[in-house]
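These are the structures, in C-alpha cells.
There are two complexes below, and they share chain A, which is joined by chain B in the first and by chain C in the second.
This part shows the complex of A and B:
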C-alpha cells in the first residue's frame, strides 16, 4: 500500500509555496550571513519589520536593498505594538513600505512573556480585515480567540510554540493538537519559541502547515548550516505526518516476529 | 515651530509633511509616515499641514522576526 502523499505546497491566501519554513531576518551576524541563511533554508517567505529612520544613518535604506536582492515574499510584522491603534497604523505603514497587504499581526500584551493581547489582536484584525489586509495573526492556542480571529477574516492562524526567543519549543503540545483538530481546514503555522530543528519537526508531525522562526537560526554558531537543518526538519516532519505516525503505547511490542524464535520452549524436557 | 520627529524634539519651518521629509533629506528614501498616530500615505504628505506640537513618525524597512 502506498503512503498518502504529503501536499507538496503550502497555500496561504491563495499563494502557494514549496517551502513550509517562514524565516525571520533579525539578529544575524551580518547581512551576508542573513542572505546565505535565507538561501540555505529554502524559505520563500521572510518576515521583516519597520523602525524609525534616522536621517543621518539611513539604516533602513541598506536593508531594503538587501531584501530586494533576495527577491522573496515579504511578511511585515507589527512587532512591539501594544495597542490595536498602534498595530493598525503600523500595518498601514508596512503595506505602503513593502508593497504587500500581508501582515503578521502582533499586539503584545506583556513585556516579559511577549504573549499576544488576544482582545487587542481581535480588534485590530477586524479593522485591518475591512481594509483588505491579509492577516497572519500571532496568537496562542486559545480556541475561542482563534474562532474570533477566523470570524474577523483571518484565513491563517499562527499560534506560539512558546514565548518569543525562548527556544522552549512546543510548551503546550496538547493545546496545539486541539487547535489543529478544531481547525482542520485553516492553515496553521507555529510561530515563536522554536529553538531546535526537532521542535520544528514536532510541530509538523502534529499536522501543522508551517513553522515561523528567527532566533534559532540567527543566533546559531553557524546560521547558514542551521538554516539548512531547519529546512530538512520541517520537510521531514511534514512528510512524517502525511505518512501516518504510529500511536504511542505504554508496554513493549516486539518488532521482530515471535514465530520461529530459536530455543523457544527449550528446557521443557528434563 | 516645535514638533517631535521619531520621539525627538525638532525645530522646523516646514509647513507640511512632504516639506519636512525633504528638509530631513528623506524625500526620496524608502520611508512611511504617520502624524499624531495616524498613517499618512506618501501622496497625502504635501496636503498634511504641520502644527506646533505634532508628533511625526518616519519609518523605514528593518530586520524583523
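This part shows the complex of A and C:
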C-alpha cells in the first residue's frame, strides 16, 4: 500500500488547525445563528470583513464582540477593496482593530464577476509582506500570478473555485489540479464559488488543504445544518485524497473476479 | 405580576413606546411617556424606518413567530390607523439574478408568482422591464412620520401624557416600561446596533403604488412610496452602531439599484439621506424582559413598525392575566 499520510492538521503560518474549513461571517439571519453554524461546522478560522468606515469609527463593536466570544481564530478580510491602496489601508485598520497580522487579501478587479485584480493583488501583497502581515491572498488558478504572490511572501494561496457567491463549484478543475501539482508544499485553499458540500469535497479530493466559504452556509434554509454538512464533506474529501482515489476509466471493470465464476461472459443471468 | 399596576411610566417615544402607550392607555392604565428628545421623533431609530409592514417578505431571514407577530400587527394597524395602505408588495430581480428570486420564493410563503402582464397591471411604471415577480398580496406600508404622529395623538386621546426633553421618569410609578432601544444598551448585555441607511427622492415621473424589493447579490434595494411623489430607498443592514451620514458607497449602491429598477430615478431629486441604528439582540428576536417593577421591550431589530403593535398587545395581556409567550418573554435575572 502506498498512500500519502492524511495530515490531521492544517498548518498556516506556523499555526495548526484541526478543521480545514474557513467560514465567513456575513449574511446570516442573526449573529446567534452564525455562532451556532460556526460551532456545527467545526471551523476554527472565521473571516470577518471590514467596512472601512466602521473601522474608522470603531463601530460595529457589538457584532465583533459576539464573534470574538466564539474564541476562534479571526481572519480579517479586505473584501470590497478595489485598489492596492484601499486594501493596504483596510489591512492596517484590521490589524489594529482585531489585534492580528493575518489578513485575507482581496483586491477586486471587476465588480460584475468580483474577480481578483492580480496585478493589484501582487502589489498589495508585496507592501503588506514588508510590514510583517501574514497574507492569505484571494487569487485565481493562474500559475504565474501565484508564483509572484509566493515571491512576495505569501505562504498560503487561495484560488477561487468560481466567482464569489456564484455557487458554481470548481469551474476550472484542471487549472486547480495544475496549481496543486505546481505548488506541492504551499497550503492551498479554495476560496469562493462553493455552493454545495460536494463542491467542497471535490476540492479536498484534488489535494487542496482547505476550503473557505460563506454564502452557501449563511443563505441556506438551515445554516446550522448546512454548516455541519460542509464540515463532514471537507473531512470526507480530505480523507479520500489521502486514501488514494482510483483512476477513472472508460470501460467497466468488474469488482468481483470473473475467471472461474459460473456464467462468466454469458451475458445476463436470468 | 402579583398586583396589577395602575400608573405606568414608559421610557422612550419611538414606535415601540408609542404603541405601548396607546395599548395600555386604551386599557385604562394611567400612562405617562418620557422621551429624551425635545421634539417628538427626532432622536429615534423609527425616524429612519421605511415602515414596510412586510411580515411575509421578512420571513426570508426572520423566524416564523416574527412573521406571525407581524401579521397580527398589520391587523392592529388596520383596525386603528386609517393611513394604513394594504397594496401588497412586489419582489423582483434583474434577469441574471433569477436564482435570488427562487431562493426568496423558497424561504417565504403566500406569494403569487406573476408574469409580465400582471406586473404591468400592478405597476405600469415597471412594464416591459421585468419578466417575473413575486407578489405578496397582504402586506402594507405608510410613511413612518405620519404614522408616529397619529400614534402619539391616539395615545393622548386615550389619556396618555407625554413629557419631552427628559431622561428622567417617575420613579414612583407602579411599573416602568423601558422602550429606549439603543438608549438601554448599558442595561442589556448583548444588545447591539444595526445600521440602516436610506435616501428619500422625489420624482413626478415615477409611479409606484406599493413597496418594491429588487433583489441583488450584493445590495438589495427596497423602494417605498411615501406619497407626494416621494420614495424612500433603503435596505442596508450594516453591523455598526454609528448613525449619521450615509457613505458614498452605500449611496452609489442604492441609487444604482434604483436606476436599474426604473431609469426615471435618474431624474429624481434627492430630498434627504441619513442612517439610523436599530437595536438587536444576538438572535435578532424582540424581547420583553420582566422584573418586578420594570419591563424592557427591546430588540425590535429592523422590525419596529412591524412588531410594535403586537408587542403592545402582548404586554397588555401580560399585565391583564400573566400570559407570556415563551419565545419573547424573559426574566431579567436570566439576562
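Just so it is clear, the second predicted complex is superposed on the first by the 249 of 270 C-alpha atoms of A that agree within 3 Å, B and C clash if a C-alpha of one lies under 4 Å from a C-alpha of the other, contacts with A are read in each partner's own complex, and residues count from 1 in each chain.
Operating definition for what follows: contacts are C-beta pairs under 8 Å (C-beta built on N, C-alpha and C of every residue); 3 or more make two chains touch, one makes a residue touch a chain.
Since the model is a prediction, treat every value here as computed from it, not as a measurement.
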| item | value |
| --- | --- |
| Touched partner set for A:89, first chain B, second chain C, both or neither | first |
| Touching partner for A:32 - first (chain B), second (chain C), both, neither | second |
| Partner chain(s) touched by A:219 [first = chain B, second = chain C, both, neither] | second |
| Chain B versus chain C as contact partner of A:98, first or second or both or neither | first |
| First, second, both or neither for A:63, with chain B first and chain C second | both |
| Contact breadth on chain A, by residue count: chain C or chain B | B |
| First, second, both or neither for A:255, with chain B first and chain C second | neither |
| Contact residues common to both interfaces of chain A (with chain B and with chain C) | 51, 53-54, 59-61, 63-64 |
| Chain A residues within the chain B interface of the complex | 24-28, 34, 47-55, 58-61, 63-64, 67, 76-77, 79, 85-86, 89, 92-94, 96-98, 164, 213-215 |
| Contact footprint of chain C on chain A as seen in their complex | 29-33, 35, 51, 53-54, 57, 59-66, 165, 167, 219, 221 |
| Of all residues in chain B, those that touch chain A in their complex | 6-7, 24-26, 29-34, 37-39, 41-42, 57-65 |
| Footprint of chain A on chain C - complex, ascending | 61-63, 99, 103, 106-107, 190-193, 195, 217, 238-242, 247, 280-285 |
